[in-house]
Amino acid sequence: MNVTVWNENRHEQKNPVVRDIYPKGIHGAIAGFIEEAGHRVQTATLDQPEHGLTDDVLNDTDVMIWWGHLAHEEVDDAIVEKVKNRVLDGMGLLVLHSGHFSKIFKSLMGTGCDLKWREADEKERLWVIEPSHPITEGIGEYIELEKEEMYGEHFDIPAPDELIFMSWFEGGEVFRSGCTYKRGSGKVFYFRPGHETYPTYHNEDIQTVIKNAVKWAAPAKREKPVYGNAQPLETISPK
Amino acid sequence: MNVTVWNENRHEQKNPVVRDIYPKGIHGAIAGFIEEAGHRVQTATLDQPEHGLTDDVLNDTDVMIWWGHLAHEEVDDAIVEKVKNRVLDGMGLLVLHSGHFSKIFKSLMGTGCDLKWREADEKERLWVIEPSHPITEGIGEYIELEKEEMYGEHFDIPAPDELIFMSWFEGGEVFRSGCTYKRGSGKVFYFRPGHETYPTYHNEDIQTVIKNAVKWAAPAKREKPVYGNAQPLETISPK
Amino acid sequence: MNVTVWNENRHEQKNPVVRDIYPKGIHGAIAGFIEEAGHRVQTATLDQPEHGLTDDVLNDTDVMIWWGHLAHEEVDDAIVEKVKNRVLDGMGLLVLHSGHFSKIFKSLMGTGCDLKWREADEKERLWVIEPSHPITEGIGEYIELEKEEMYGEHFDIPAPDELIFMSWFEGGEVFRSGCTYKRGSGKVFYFRPGHETYPTYHNEDIQTVIKNAVKWAAPAKREKPVYGNAQPLETISPK
Amino acid sequence: MNVTVWNENRHEQKNPVVRDIYPKGIHGAIAGFIEEAGHRVQTATLDQPEHGLTDDVLNDTDVMIWWGHLAHEEVDDAIVEKVKNRVLDGMGLLVLHSGHFSKIFKSLMGTGCDLKWREADEKERLWVIEPSHPITEGIGEYIELEKEEMYGEHFDIPAPDELIFMSWFEGGEVFRSGCTYKRGSGKVFYFRPGHETYPTYHNEDIQTVIKNAVKWAAPAKREKPVYGNAQPLETISPK
């Protein structure tokens, strides 16, 4: 499969803590373990022309992974529209962490996508809710992250088609942290963890989930639905 | 409850067939039976200033009903945004028939909302799928409409939270014709029937469904969720 | 509405701590606040003839509330079957706390309904997940219980039709603690809190949720579906 | 994968029409195309000892396919319980056509599973509702069967986790004809077509759906959830 990892790539430029954790950028870290899983991977970032998401790149992408935080508003509306059309046309999309506030996620959800948050080095436990789901393969009863940013309910999303993970946070909150959606001919997975100042994407369980989700989000091999004016069954007499 | 019936009100100006069926406009017909059910009703139409949807009207509306077809693109984006924010804030929204392609519905769904259609005077049967749902109260096993426009699958919507009605059409198609969604603090109901050249909104069963849906879509009486930076439980020691 | 509160009523006989908290039994406490809300309430307990659930009682019940723990196996299969048939026929059912392992709940779910548990006087927070749902009316962002038994995921239930509350527990677990289901013509609500050694059913928020759920679970006023051999449309020629 | 095709195998003994269509039995026909797809297949029938479902067979089965009609009541409750436990433990289950009334399906659904039916050689069209779902791969907009038994709504099942196909019938009915459910660690797919007097399982599209569903229903490779008394996080002080 062809996977494109999109990253805003701004924290990495500004914050040495982030750069130390992710010397090749968050996109580089993710691309690394996706590639090892046998996929063809390319990366794209905000400051490239067309944010790195040219028509050629988009048309060649089976599954896209999206990480953004500081600069959601700088993402061009026309590019967002193109990405959305690709999703509705069958491309898989994985939205990570602060991507909950990205234009592409909000546009696919139809809601505000707001939440509670707190940066306090809290322990997070992501409990598996759907043990039969392929996204949970190889994962134990929960994933534990020693320190993460807290995200808490209410999370202003549509009820997910499938609730895969629910997070517990030390400070008293819970969160729907793994959510699947179908949109048009495409599949969307939101996965909560991944604050830039923690080494979350180096965690093996987190990598397993993302690799599983890439496989799950693969486009279905079928012709797309036809819309518009339709002919009736031949056996129905015209009126 | 305060109900606002919004109608594009263009077919009624152009087409004597439509005007004959709905001399007070589609909005007038709907307002009539909603009012009889004991609600306070106002109407609003496209060609009024701000499409009749001033801040006062919006803030005073518990449930809005939306009918549009020819002129979706003429609805001002800023007004659509206001209506959407009211839905996310708790206002109920009923979207009727060709409103599937309205800006407000597409924006709340996040998908293309396209479908198959055919104007061939076909019989439609709307079968009840959720017999326990309050929207189906007083309805038999199905609603039969002698002649309606056909809408067929694939209907490009997110899987509904609840599938209330499924339509059968003479020419060979089926359609998810009654769908509920929760968005933010608001409830949305899409209801298929109501092509302008048929007397569908004079049908008693159709009126019953719309009246039931108005009650179902009433805003919940509670404070809205709080988003943003959150304090931890006092029992968690600071780090 | 006619509400029947069913309680196993065994802990109250054996354990003075429980009797002190609920001098009229758990059923008496629940019946009290349901009655104050304006419903006609009767109670029924395990050791009564037919567990207090005679045909007259069952046929006269709009919504039933179920609490059991120690003696699920003592509930007669024939009575369970009758209760189930009433639910499928439209009666609402609220299953509380350890009722997750009752025959009636397991039979309606089709799964094992097992879970993790711990008795350690832990704080519980029930977060509102569906702010537009009538069951959450009058409830803030969460309900906090100073001490409760812990129930943790994985909870072996079908994905709920609607996930209304999610619980956080001090010791590191989360739980889907408010779940709605439709079964046949009836509505089912599972609500987690209520371990017998804590005064949970004296908590005002808990009472509000149960009262809201009684209203939500009211039978829909409509004829039941007809099953079996069906006649075709008259317009279809016989073959 | 190891697939077991279970068939009641009674119509084949009694009715020469059925025997002509399925000389190796319905189980033989299904086993044939599943085997060609590269799976190891065994068959089992009602009149074998333990209905052919010994512990060895059950423990060696990844996905089971179930066809029954005349003799649901003859299936031993203890065997049904074993099959159910295997599903909850991860085994996939495909229930076909009149299997809607089998003990195993009713037990996993928790509802009556009744429906409308009519034998009148009617045309059926199964429309694809979820174009992104792997079960629909290789299928066009709909599958058309020239003649089938009609099954009509209301179908007394829980709302499916995913509605994959909806059927249109010539005589005026619709039906939720492809439904997925998760139960415990297992996946269940109900697929409507396959009345014994029509050559439905020789239809290529029908075979494609069943083969897709076998792949989709494969058990997830992970440890099963642990239930029961649980230890708290080490950081929570005992009380």
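Labels for the chains are A, B, C and D, by order of writing; each one numbers its residues from 1.
Note that in this section a residue touches a chain if its C-beta (ideal position, glycine included) is under 8 Å from a C-beta of that chain, and two chains touch if they have at least 3 such contacts.
In UniProt terms, the chains line up like this: A, B, C, D = Trehalose utilization protein ThuA.
None of these values were measured; they are calculated from a predicted model.
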Neighbouring chains common to chain A and chain B, by label: C, D
Centroid comparison with chain D (C-alpha atoms), farthest chain: B
Chain pair, A-C or A-D, that carries the greater number of C-beta contacts: A-D
Approximate Å spacing (C-alpha centroids) for the pair chain A, chain C: 36
Between chain A and chain D, centroid-to-centroid distance (C-alpha), Å: 32
Touching two or more other chains - residue numbers and ranges from chain D: 128, 130-131, 141, 152-154, 159, 161-162, 172-173, 182, 184, 225-226, 233
Residue ranges of chain A in contact with chain B within the complex: 88, 107-112, 114-118, 120-122, 150, 152-154, 156, 158-159, 161, 170-173, 181-184, 225-233, 236, 238-239
Complex contacts: residues of chain B adjacent to chain D: 125, 127-131, 141, 152-154, 159, 162-163, 166-169, 172-174, 176
Residues on chain A engaged by chain D in the complex (per definition of touch): 90, 123, 128, 130-134, 136-141, 161-162, 182, 184-187, 219-226, 233, 235
